[in-house]
C-alpha cells in the first residue's frame, strides 16, 4: 500500500522581529527538515518534550500552518502549494482534533449547531438526513442524544473532547491529526477517550498522526512512532520494538523517565544533564549533543543524518 | 442564540442587580417617549416653537414673585393692546391663541372697556414695583390680586383634553420666548435618542469591523487601522469635533443633524476599535477558530461568524458608553453653535438658559439637566452592570 | 533603550503626516477664502487673497509647504482677523492664560482624586467608599456646561452679591499672580469638580486591583498593617498606570480647557482656536490644530519612553 500522507523536507521557522525598524532579526526553528510517511490505515505517533516542534509539525501537515519550506503530499499529490479553493476537497479528507477542550469549541454554539455548520458547508446532508447524521455522530462518540442542544460549557473536559472528535469525524475523513488530544484530561478520562478513538479508528479505517508528549500513551496507541527533539527526528521505530530495540540516547532517556508501577523493580536512571537548547539559537551539530552522555566532538559539530537501519526503522546518531 | 442569551450566567447575574433593572426600565421609558414623539407626533415641532404664554414663567413648584406676576400681566396687556391697534381688531383679538388660551370676548369695544378699567391700577402697581416699594404697603398685594383677576378674567382656558394638556405643558414653566419648557425637554428626548442611537450604533459597527479585521488579518490591515486610529486620536477630542462640524458650515447640510453625526461617528469609532481589536487578538489564538479554518471556512467567514459574535458583550458595553458620550458631546457642540440648530435639544436649552440663570430663573436649565441626568445616569448604571455581569474581575 | 525611542519616533511620523493631511483636507472642504471674505466679495479680492495664502497651489504643494513650515517652527503666518499679528504672537500670548488654568486644575484634580481614591480603596465596600463612588457616578451624569453655568452663577454672581465685593470675576483675565485668584480660581475649581469623578474611579480601580495581588496578600499574612501596606507597597506599583494617565492628559494642558476659556472669556489657546474657527481665520486654525496634534504626539512618545523606563517588560517588545 502506498503512503497516504508523505512529508518531505518540511521546514517551519517563525520570524522574530526586533530592532529599530522591526525587521526580522532571527528565527525560531520549530521544524527542521523533517521527512516521513504515514501508511494508509496506520497510526503514526510523534513524541517529544515541549517545544520540540511536534504540534507545529501536525498543523503544517494539514495546512493550518504554512510550512516555510518542504512539501506535504496526500495520496502522492502535493497539497502545500494549493490555493484555498483547491485545498477544499482535501480539507474534507484531513481533519484535526485539538488539545484544549476548553477552547476548541465555540462557546456560543450548541453541539448541533457546530456539527450542522460543518455538514452544511460541505453540502454533505440536509433536512432529515442531516439530523440523522448529527444524531449518529453524537451517539458514536458516546454521548447521549440530549447533548445536541447543549452548549460547550455544560460539558466536562472529557465530554468536550468527544464533541471535538465528533466534529472531526463529521466529514468522514480518511486522515486525522490528533494534537495531544488527551493531554489536558484527567488520567482516568484519558483512558476512556483513547479507547473511543481506537474503536472509531477501527470502525472507520482511519489513518492517524498522533502527537503527544507522553511516550506511554503513544506506545499503547500507535503502530509506529517518531521521536523528535528540537525540530529534528531522532528516531523512527515500530512501537512493538520500542522497548527492546530502540537505541537513540534520547529515546532511551524518554523510556527510562517513565515511572513503572512496581516499586520493587529498580532500573538504572538515565539522567539527562544540561539544559534544553533554545530553538531560537540552535547549536550546530546534533541538537541533543549538549545533554547526551555519549556525545563525541563529531556529534557536536556535524548534524547526524537520519539513516535507515532496517525496514521502518531510522536513527539519527553517530555513536550508536 | 436567544436561548443561550436568556440562560446565560451573565443575564442571571444582571437580573439580580435591581439597580440595573431600574435603569433598563428608565431607558425603555425614554425610548418610548422618543418613539412617541418621533413616529407618532405626540409632540410636534410647533408645540416646541409656539408660544404658550408669557416668557420665563415659573413651573408648578414655585410661587411666582411679584415681579414675575406683573411681568406676566404686562405680557397679556401688550397682546391685547397690540391686537386692538390692528386694522381689524376683532380678527386680531380672535387670533390670540396660546395653546387654546383665548379671549372670552373678541368684541373690540368690550375688550377695550375692560382694558381701560385695569390699565390705571396696573400702571400704578408697575411704578410701585419700579421704585422697589411694593412691600411698603400691604394693600399692594390685594390690589395686585384685583388687577390680576381683571386681566386674567378676560381670558378663558381651553376645556377638557386641551385644557389638561396646556396645564401640563406649563408644569415646568416657559423659556425666554414663552415656549413650554416641558414640551421642549420632552421633544429633546427624541433628538437625544436619535443622535445617541445613530452615533453609537454606527461608531460601534465601524469600530468593531475595523478592529476585528485589523486583529484577525494582521499585516498591513492591522498597520493601516492602527495608523488610522492613532491619527484620529492625536487630535484633542473637542478640537476634532469642532473641525469636523465646522466643515459643514455654509453647506446645504448646515442646520440638519448630519454635521453632528459625521463629527461623532468620526470621533467615537476609535474606542470600540481599540477594545475589539484587543479582544480579537486574544480570540484568534483560541482553538475553535483554528478548527473552523481546518474545516475549510474562509478567513472572512471565520471572522464574521465565529470571532466577532464572541465580542458582542463588548459591543453592548461600548454602545452604552458611546450613547452617553454622544448626548454629553451634543451639549458642548450646541454651546459652540456647531450642534443642533433647528430643533430644541438639551444642549440648545442649556445654552439658551445662560442668561436666564443670571436673573435667577432656573427652570429651563433645571428641566433640561434633570431629563438628561436621568437618561445618562441610567446608561451609566447599565454599562457598569453589563461590565460586572460579563467580567467578574471588573472593579 | 535608544532603539526603542527611535522606533517610537519613526513610528509616529507617518501618524503625524496623516493628521496634517486630514486636517488640511477638512479645512479646505469649504473654500476658506470665500468663507472669510463672505459670499458677496468680488472676484479680484478673492484671487488676491487666495494667492497670498498660497491656496491656489495644487494640494500636494501646499502639503509639503505646510510641513516645511512646521518642521522649521515657522510661525510667521499672519492672522486674517487680527491685523498684523502672527500666529507666533498669538501662541505666545495665549499659552500663559491657558496654563494658568490647566496646570493648577490638573494638580488639584490629581491630588483630590488620589486622596479620595485611596480613602475609597481603604474602606472598600463600606459606606464611605460607596458614598464616594455613587457621588462620582451622579456627578458624571451632568454636563460640564451645567457645572460651568452654575459655577459662574453661584461662584461669581451670588457670592459677589452676598459679600458685596467681587471675589471672583464673572469673566475676563489679567495676567499676574495677584490677579490669579480673582480670575482663575473659579474656573479651576469648576474644572476640578468635573474631572475628579472620572479620575477617582480610575485610580480606585487601579488600587483595588493592586490590593488583590498576591504580594499584598503575602504582606498581610506576614502581619503588616493595612496602612503601611497601602502606602508603602501598593502605591508604588499603582503609580505606574496612574503616572501614565497623568502624562496622557498633559498635552491637554497646553490646549487649555476650551469650554472654560470661551465661557469665562479667558484669552487662552482654546479660545484662540475657537475664535479662529468661528471667524474663519484659516491660517491660525491650521497652525493651531497642527500644533496641538504635534504636542500631543510628543507627549505620547514621552509617556511610552517613561513607561519603558519604569516597566522593563515593555522594552523587550
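Each chain gets a letter, A, B and C, in the order it is written, and its residues are counted from 1.
Here is the rule we use: a contact is a pair of C-beta atoms (placed from the backbone, for glycine too) under 8 Å apart; a residue touches a chain by one contact, two chains touch by 3 or more.
All figures in this text were calculated on a predicted structure; none of them were measured in a lab.
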item	value
Chain located farthest away, centre of chain A as origin (C-alpha)	B
Contact pairs, highest-scoring chain pair	B-C
Centrality ranking, top chain (CA atoms only)	C
Chain centre separation (chain A, chain B; CA means) in Å	62
Inter-chain centre distance, chain A versus chain C - centres from mean C-alpha coordinates, in Å	56
Between chain C and chain B, distance of the C-alpha-averaged centres to the nearest whole Å	27
Touching two or more other chains - residues of chain B	none
Chain A partner contacts - residues on chain B that touch it in the complex	1, 4, 286-288, 290-298, 306, 309-310
Chain B to chain C touching residues, read off their complex	227-228, 230-232, 234-236, 238-239, 242-244, 246-251, 328, 331-332, 335-337, 346-347, 350-351, 353-354, 357-358, 365, 369, 372-373, 376-377, 380-381, 384, 395
Complex contact set, residues of chain C against chain B	12, 14-16, 18-19, 22-23, 26-27, 29-30, 35, 137-138, 140-146, 149-150, 153, 157, 204-205, 208-209, 251-252, 255, 258-259, 262, 273-274, 277-278, 285, 289, 292-293, 296-297, 300
Residues on chain A engaged by chain B in the complex (per definition of touch)	59, 62, 64, 84, 87-88, 91-92, 95-96, 98-100, 103-108, 110, 117-118, 121-122, 151, 164, 167, 171
